[in-house]
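Structure below; questions to follow.
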């Protein structure tokens, strides 16, 4: 009998489809995967250790660098945790601005997830169109807070500055064009038979296994578990908007991908409602009365929000001084990866790329 | 204008004959000229197509594509080739040196060899071979060996995977291509390209053999490793397949050979199915060879359009599609053509 | 079943429970049975977060479990003394804890008994020391 | 399920439509995309507005700003103000922390340098005052203080109430 031998392939830290410096040691039998061993830590900057020698406001720029594709949501999570500890009341106007800005950040993150996924499967044009929408969003972010990706805009007690005048026409134009752009992605990527052949029935993730392994976000909802923190445990003013939580049926790559497309449409709805309600609000402050140097009382708090990649939690311990005693970040991409080995077994190399793309990880968040 | 090239060839022959060369020698020199012309045509075409592809890709993706180097970006490919020539050719340790250096040199051979037979216009084929189509199929499948040589010689796991994928893909798409062409040959009864074109006087074979054209086109896309079948160098899976380890001129040769292959398959499709130099609806004031070029470029645009729209197929889906769909379809096509020819004979057409 | 009712019921069953403002602290011995009861009886099927904090004279492991059907969350803490630094692993109840515990072992140096593969996850395998400990010394860098 | 190929045809139709839509590329070196006014770009320091209080130095998370001052006649004077841009996060906390809005941005994003040491941006660099200049200023300050005390002593009884007596 022909003696075949297993050979290991290094889908190494430097690989076009690993969305960053993530390494997967594949033990291959021909093209089928026998074992996939993830190796992490190439982008570990020790943000949790850095935060311990910074003041509470100085930690905000570091939270931008966790999931640098949806930085607003990182800011929101950390800032709401600290506010819970201090017990400060955020003004109405700032709450609405926070919702608009974080939903915009969620759409920008899902645009990249969709684009990068189409690129991983070979459709280069499918990569370009979502990035065009993301450029529009980044220009609006630049108007609001001066930088395109790392905003540090949401502050303890409100937001850094009110929305500028030229923001409103830009967001209205974006809200008008966006649904037709998502239809374009549907037509080009979702409807495409080759794309469906590459994603339907691949990397099946049963619902109870997803719950047992604490997966979250579109990965969990793709398997049919209806759990979105904005609905399950509303934080901020999310209970004032009506939107649905898209849920997949059989937990394969296609459902995870399609959940993100539907979530983009829902975020679009939220922004529209939030903008209408914001414009009815009278002019008001965007920042509560908060001392320049924050000294939260001794104690700890754990606060979770629905990040773009999943549940983003911040556990902040304060010992009464100016610097936080311990900041722990519950990172969705990190925890969504713990099933990668089982999900990839038995599939081909091309499917590993599809499965990894459907989980949508960002290495800044995985390695923290 | 119609037979511009035929007259020039004739006048060159007279000059040589008058200057006292023996007919045999003048023939040899004339064939040299023809081959030189074809070589220049293929290389210029390869350069131009790289620029055309990047422009079309740009315009499809709502951006401009190269427009900085030279007027409207026309010198972009020459700049690329210049850059690639100046790059150092790195031979990985443990690589099989001879094969590693031989494969980029050989990659251009099969397409060039076949271009000798391709009729650019009315009796403008360099060599009027009466088994033209058969020669094309035989030589075109040589490039599989060269890709595999590159994949095996560069001693890199990704190249090995890429090489094996290329072998699997090109061999399994050779069969439907042959069977599709068989449909055409059954109608014309000859393998000579010019005869096939002349047989399409009144109806092009694309109308009498639509299924064969479709199968041939899909198999052609797979032969040149173009999307959606570009598994050989699937960037996001196996980095760059057989030519991961190549840098500098080696990589440029592979890159340009892909375009030469594409031009070749489009020429063959134009000859077999779109009536070569025959003008559609009798517009003969445009010379034949320009019609030939027009048809080739329409097909090449179709290749590029496919590439910038579709994602990539997985390996086993590719094989499944090739063997389970294309081969039975082409066999059915042969059967139907056979029956149709018999029936038409009987009612005495 | 509201979370404070659950805590009252647990308090009668496990003596070592202390209830503080937003969390419940339990001794290490009764950790596993308590957690198993939380998942099986009260339906806390989702372990969202598990982390560790290095206080002056003890480590503290913090678990956050929640119920997907109702979305409410409970924070359970347990103290670990610094020399022994070993806690039963939650792998048998919530397999999702595997990577979280590997990260705690990697950065804080707390061992988890019963863990399938207790290895470092973020740092290099032959890296000495555990950076998130307060007494972690290092040379170079711009931090004071 | 509609016909098998319909998704493929739809994809082609979309790319064909996109072939003729307006392009979005901005030809960078020739036309510059208009930057919003809150743009976090290169830093500029208004030297005379700066009272060298050091609030920005403390506000920066990454210790990017270093400042040297010199006190002459009890008045602080800014000498050297350098920002090590390679560590800067462009978060804007320093600009917000400045009480006098002396630190601000310029709408310019081309900050790359060829040499690492060029990355340290020097926003203010004055020479410390020569020694005799310093004595002269101190002497003047001393006279002014003495004159002020004398004037305060003359009006001691009336305007200041008991605060002035406490001052003696």
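So that you can tell them apart, the chains are marked A, B, C and D in the order they are listed, and the count of residues begins at 1 in each.
FYI, contacts are C-beta pairs under 8 Å (C-beta built on N, C-alpha and C of every residue); 3 or more make two chains touch, one makes a residue touch a chain.
A quick note: this is a predicted structure, and the numbers were derived from the prediction, not measured.
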Chain at the geometric heart of the assembly (C-alpha centres): A
More contacts between chains, B-D or A-D: A-D
Distance from chain D to chain C - Cα centre to Cα centre, in angstrom: 44
Centroid distance [mean C-alpha coordinates] between chain D and chain A, Å: 32
Intercentroid distance (Cα basis), chain C paired with chain B, Å: 64
Contacts with two or more other chains, residues of chain C listed in rising order: none
Of all residues in chain B, the ones touching two or more other chains: 60-63, 308-310
Touching two or more other chains - residue numbers and ranges from chain A: 125, 129, 132, 188, 192, 194
Residues on chain D engaged by chain B in the complex (per definition of touch): 8, 11-12, 14-16, 18-19, 21-25
Of all residues in chain A, those that touch chain D in their complex: 54, 57-62, 64, 125, 129, 132, 135, 139, 142-147, 150, 152, 160-161, 164, 166, 184, 187-188, 191-194, 196
List of chain A residues in touch with chain B within their complex: 7, 9-10, 15-17, 31, 118-126, 128-129, 132, 188-189, 192, 194-195, 197-198, 348-351, 353
Chain C residues touching chain A - in the complex, by the definition given at the top: 21-23, 45-49, 51, 53-54, 62, 64, 68, 70-73, 75, 94-100, 103, 107, 121-124, 131-132, 143-144
Residues on chain D engaged by chain A in the complex (per definition of touch): 4-8, 10-11, 13-15, 18, 24, 35-40, 59-61, 89-93, 96, 105
